[in-house]
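Listed after this line are the structures, all set down as structure tokens.
Below are two complexes that have chain A in common, paired first with chain B and then with chain C.
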Partner chain A sequence: MHVRRATIALIVFFALTISLFSLVAPRFATTSNMENLMGGFSFIAILAMGEAFPILTRGIDLSIGAIVALVGMVVFDLSLIFHVPGYVILAVALAVGALAGALNGLLIVGLRLQPFIATLATLATYRGVVYAISGRQLVPGLTTTPIADPWITGLETYFDIGGALGTDDFLPLPWFPLSFFVMLAMLAVLSVFLLRTKVGRDIYAVGGNAEAARLAGINTGRIILLAYALSGLCAAVAALLLVARLTTATEALGFGMELSAIAAAVIGGVSLSGGVGSVFGPALGAFLLGAVLLGLTLLGISQYVQQIITGLILLAAVGYDRFLLIRRQRRLAANVA
Partner chain B sequence: MTPRLSGTGLSKIYGNLLALRDADIRVMPGEVRALIGSNGAGKSTLVKVLTGAITPTSGTVEIDGERAPLGDTREMIRRGVACIYQHANLAPSMSVLDNIFLGRQPTRRLGFVDTKRQRREAEELLQRHAIELDLDAAVGDLPTVKQKEVEIMKALALDARVILMDEPTGWLASSEVAKLHNTIQALKARGLGIIYISHVLDEIFAVCDTLTIMRDGAVIAESAVAETDRPRVVQLMVGERLARESAQAALQKRHPRGTGETRLSARNLSKKGVFEDITLDLYAGEILCITGLIGSKRTELVRTLFGSDRFDAGTLEVDGHAVSFAAPRGAIAKGIGFVPEDRHRDGLMLDMTVTENLAMATLDSYRRGVLLNRSKIAGAGEKAIKSLSIQPPEGARPVKLLSGGNQQKVLVGKWLSRAPRILILDEPTVGVDVGAKAEIYRILRHEREIGAAVLIVSSDIEEVMTIADRIAVMVSGRIVAVHDADAVSRDEIIREIGGALQ
Partner chain C sequence: MSDEERSGADRRNFLKTSLLGTAAVASGIGGLFGRFNPSTGALEVSSARADTRLKMAFVQFQPHTVSTAWGKGIAEVLATQQIVDYDQLDGQAKLEVQVSLMDTLISQGVNVIFLQPVDSVGVAPSIAKAKRAGIAVITLNIDATEPHAAHVEMNHYFGAMDIAKAMGDAMGGKGKVAILNAPPGIIIRDQRTNGFTDGLKKYHPDIQVVSDQVADWDRKKAQDVLTTVLAANPDITGVYGVNDSMALGAMDVAKDKGLKLVIFGNDGEKAALEAIEAGDMTGTQYTDVFQQGRLAAAVATVLASGGVSAKAFASQGHLLMPYIIATKDTVGQIQPSQRW
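Let's look at the complex of A and B:
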């Protein structure tokens, strides 16, 4: 498999960022900070991998933050109000996420809505539904009750791999959160899916040239529907990890997370003009974003400034993506002449 | 013998435009059939029906004697109909290998792509047809010639029984054209049916067995290539009526260089990768036509003259003053009017009324203080509707309800109320019926008589011969010749247009 140059550049840039903060930020290169990075950004990486699918088809999904809240609240209600067993809750949560995503796809394919508008509308709708079904409003007494089902809280587990291997004496390793391994597993499955299956290749074809894909007999509508369903599914997984970590869900869960996920995907080389990208890039992009934010925190830079910096990073990534597109078009035009 | 493909009674109606009229087409195993006709004759519509890209309003298609479902691309591909489209239909960021197998990769269990088999099949295919391609290169990085080969490979990999080729040699150098023709001979020997669409008569006489000629959406003649000759084919293509009309037009007085006053003057105008070294003068009181093949960058050139695009090098003068328009606003202020090629996309506000569209470019002159004087607009609209004979003559009617020809008259009329010094029109009569065509010509001739400089881009050679005072021929971003219209024959122009391809 040939590795794109952009991917190598991203890895190098990630390594440089880590090295830089290790030098200038106190306590950056510590096992506890690495635990923070893995624990705090694995779910962003999962969201970013999911977001990669709509973007690959030349769309976008703004509703994933709202889907996180929706799935979170479903888990809260099922567990605390209806006392449903945890394994059932897990299955229902994933189904709710995938269905919410599929509904986005249905609006885009069926009603031919712009993805931006369709998912902006569902963002508002899903957030509204969260308040309507919120167990915190329906049964106020439960507000302070933590979710204790082991199937869910078990997702927030740490593994002392260093201790198990006995390497702690010469190389102290951080404790690895389960969410990190969930992220790795999804990365593996989704990568193989994108690169090796027919449906995966069709996703690239639809984003690269929708008309060519249609004329090649690809059911473009079904592919787009699938891309949004996968995005919703990934949001559901992220929601489960978040709820496990907080042992509760709030109405504001996942607020603004779509922006971090889109930023990570674009930083990771998924082109907003469709048809270019991977899921490895977005995952690494999420950790790059995480490393920068954690590093800035350790340097004592305030939250507001960090938001400005996140915005600037997104602008830079999108600007670079446009630059690449224009260069590609120029080169094509030059080839024709 | 059963025909490989047989379409019977195919019609397609778009709104009030009859794009395809009761057309029949048939291709036998081992036959290469040419499909020819001028622009807008309905060839592309027919091809789209045969590939299932559009559903015909009526008619049937049979493949190897079996009736095929219509408007279903996947089913057509499954039954062995492949198409090489005029405009590349590739996913530019994917590899050559991915593009060849786009949408129908061989799979193993669970939908996994059988990459080994895919690569093996592609390599066999490359070898069998002696085509050299890097299977791992991204298609967007390849030169256009190679992209065409990828398209051909894509069709070959289908194991197609019928291949439709829509102007496959556009942009190919002559050696590559020969290579493509060798490939076609090989396919023919294996019993495939091929429908070959081209404007270049040389190619048709070199490679085709039979030909089908279309005009105005209908099939008007079929013949074996061996039983006909070029003059006969050209006459059938353009039709007796147009031949007669152009004879009449020849009697019209031509005004090359009009009054002799230079209105617009381009010197060595260049835009990198688009057009190069354009030197051209446009005089008051003349009609200058720029003709050439689609893709010869005529549209890009006139868009630049109107300030819609920028140029990199050279100079542009209007009335003797050097100009460099940053936007169309600057060009309009200099008295230039522009009628774009795609009137639906670029020219008209379809949901607004005829009067509103007519006033669009001249709203400033109807101002009373900060408000617009509506009755004055309505009055001017009525006058324009009358002088342009727009049908029906109702100013309050939304433009989208008008026929193509009347829409085009509105678009032209929009500029006329400004009394433009320079009027640029890009393909002004595409999709316009014959009557409206004649009226648009009358309007343009009238503008010329009252001293406007008129520049027309047209692919329709008959139109060019009918209306032009002078004719410029553009090939691959360069002006290769400028003629006085009464001193040049149609055949000479056709030869120059096709020059780069032979």
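Let's look at the complex of A and C:
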């Protein structure tokens, strides 16, 4: 399996960051901090993995934060107003997310809208729908009612792996949240899908050169629709994990999360010009951002400085992406010449 | 160079740069945070603080005059104790950021967390987690559904009742009132609205509330909303803004149209007090938020220095702040140093 240089650089940088913070930040190298990293950023990793698909097709999905809110509010309403059983809610939530993403795809493919414009429009529309269907505003008293359905609250469970394996004596292990395992499972499935199936390879082809892909017989419309539907589906999974963690959904849920997901995806090596990237990179990128944020908070560094540092990391990642792109183009030109 | 040699050279270059980079960064960080221990000759990096000091943090909703003023009050009291390390963190108006910050504070082992929740239910799991760790949580203004050590509040309900009384008196006991309200789904909004309507029922049953529209806590939005409401109900004589910003928006509209309206706000911001002194706004509920911060810090200091665990509480503590209904007659009592 060919591992890209960018991915290796990311893994090295991640390892360096963890080691650095373990040395200088008090309480960073503790099991509880690792639990916070996994519990607090697994859903961002899932969002980033979902965001990778539209970016791979040379598009972008700005509406995933709004889709998170939409799915969250649907779960809230179904659970607290209509008392629908939990396993049905899970299925409906995933369907709503996938459909919301598919709508993005339809706007882009059918109406030939620019992905930026289309998803910007759906971002505003979905937020509006969230406010319109908000159970917190329709039924007074629900603002103080937590979601108690075991199928949903069960998503926020921690597993004492160390205790089960008996390793606690010589290697204290953190308690692993279920959201981390959900993230790993999605990583595995999406990786296999992207790298080993024809449809996955078609996604790369469409992103690399959409016209060439179309001429080669790939149904580019269907591929783009699928990419955005996957993005919506990942947003739905992230929403379920987030709602389980908070035991509620708010109208402002997921506000600004699309930017974190895009940053994580770009840091993870997904090229904004399409056709280059993986799902492992975005997931690791999300945990890298998480580790940096947690480490800087533990160091007592102001949150405004944290945002500056996050911006600098993003700039470095984009700069490295551009540098690799230019070198790739130069090498292609040298080969042709 | 052939392709293989070139990629080999690239690989070596990459490894070289990353090693040099690591060394540079590590020595930089070591220089920033490390100390050279003269007795052992080793380079030490600063470790966690000594256990005798208390650690407290305030997780705010987002930067705002109110939370900044609380922070000042809290910092003033905590600094005096000489043994407290205090930090103010920004929730960026995002629930998941507040939850993540609380998780970090809990794993740091703080003694007390001051919290202005973004949402009353969403922070409940984090408060439960803090309680299990023995950490006292003190909420400011916005309560949470999970019982915690103390809730220190601006007296939303009873204050709003007194606003209704004062407003009715100013209106002569009759007339029509419009409410400029916050988005629904927030406890504090319900407390301030219900207090107002219950107060009207109790003290001035002849006064009617003819409009209750959402103006998003915002001055500009309030201007637009009130203009529309006045077009539909031109005989409105009173306006209650559930916060000062919205009441100031109403004042702007009244000045613009040359209307004589009885306008009341809620909070007690400096701008509102100045408007009352100038006669443009009729009144507001003023709470000394610096004092609110100080009282919260006092509770925290006594609990933490007394070694009281959060688990020792039989039920949640409540503290309602004293307030003044500031009108032209009473606003002079409020000293400049108390204004925020």
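The criterion applied here is as follows: the second predicted complex is superposed on the first by the 333 of 337 C-alpha atoms of A that agree within 3 Å, B and C clash if a C-alpha of one lies under 4 Å from a C-alpha of the other, contacts with A are read in each partner's own complex, and residues count from 1 in each chain.
Following the convention adopted for this analysis, a contact is a pair of C-beta atoms (placed from the backbone, for glycine too) under 8 Å apart; a residue touches a chain by one contact, two chains touch by 3 or more.
Small disclaimer: the values here were computed from a predicted structure and weren't measured.
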When chain B and chain C are modelled together on chain A, clash or fit: fit
First (chain B), second (chain C), both or neither touched by A:V276: first
Partner chain in contact with A:R222 - chain B first, chain C second, else both or neither: neither
Contacts of A:T247 with chain B and chain C, given as first, second, both or neither: second
Contacts of A:A205 with chain B and chain C, given as first, second, both or neither: first
Superposed model, chain A: greater residue contact from chain B or chain C: C
Closest approach of chain C to chain B (Cα atoms, Å): 10
Parts of chain A lying in touch with chain B, wherever the complex brings them together: 2, 196-202, 204-205, 207-209, 211-219, 271, 275-276, 328, 330-337
Chain A - residues contacting chain C, complex: 5, 9, 12, 16, 20, 23-24, 26-27, 30, 32-33, 35-36, 39-40, 134, 136-137, 140, 143-146, 156, 242, 245-248, 250-253, 255-256, 293-294, 297-298, 300, 303-304
Sites on chain C touched by chain A in the complex: 14, 18, 22, 25-26, 29, 33, 45-49, 87, 89-90, 92-96, 99-101, 103-104, 106-109, 118-122, 124-125, 145, 183-187, 190
Residue ranges of chain B in contact with chain A within the complex: 51, 53, 73-74, 77-78, 83, 85, 89-94, 98, 101-105, 107, 110-113, 115, 136, 140-144, 171, 272-274, 276, 295, 297, 476-477
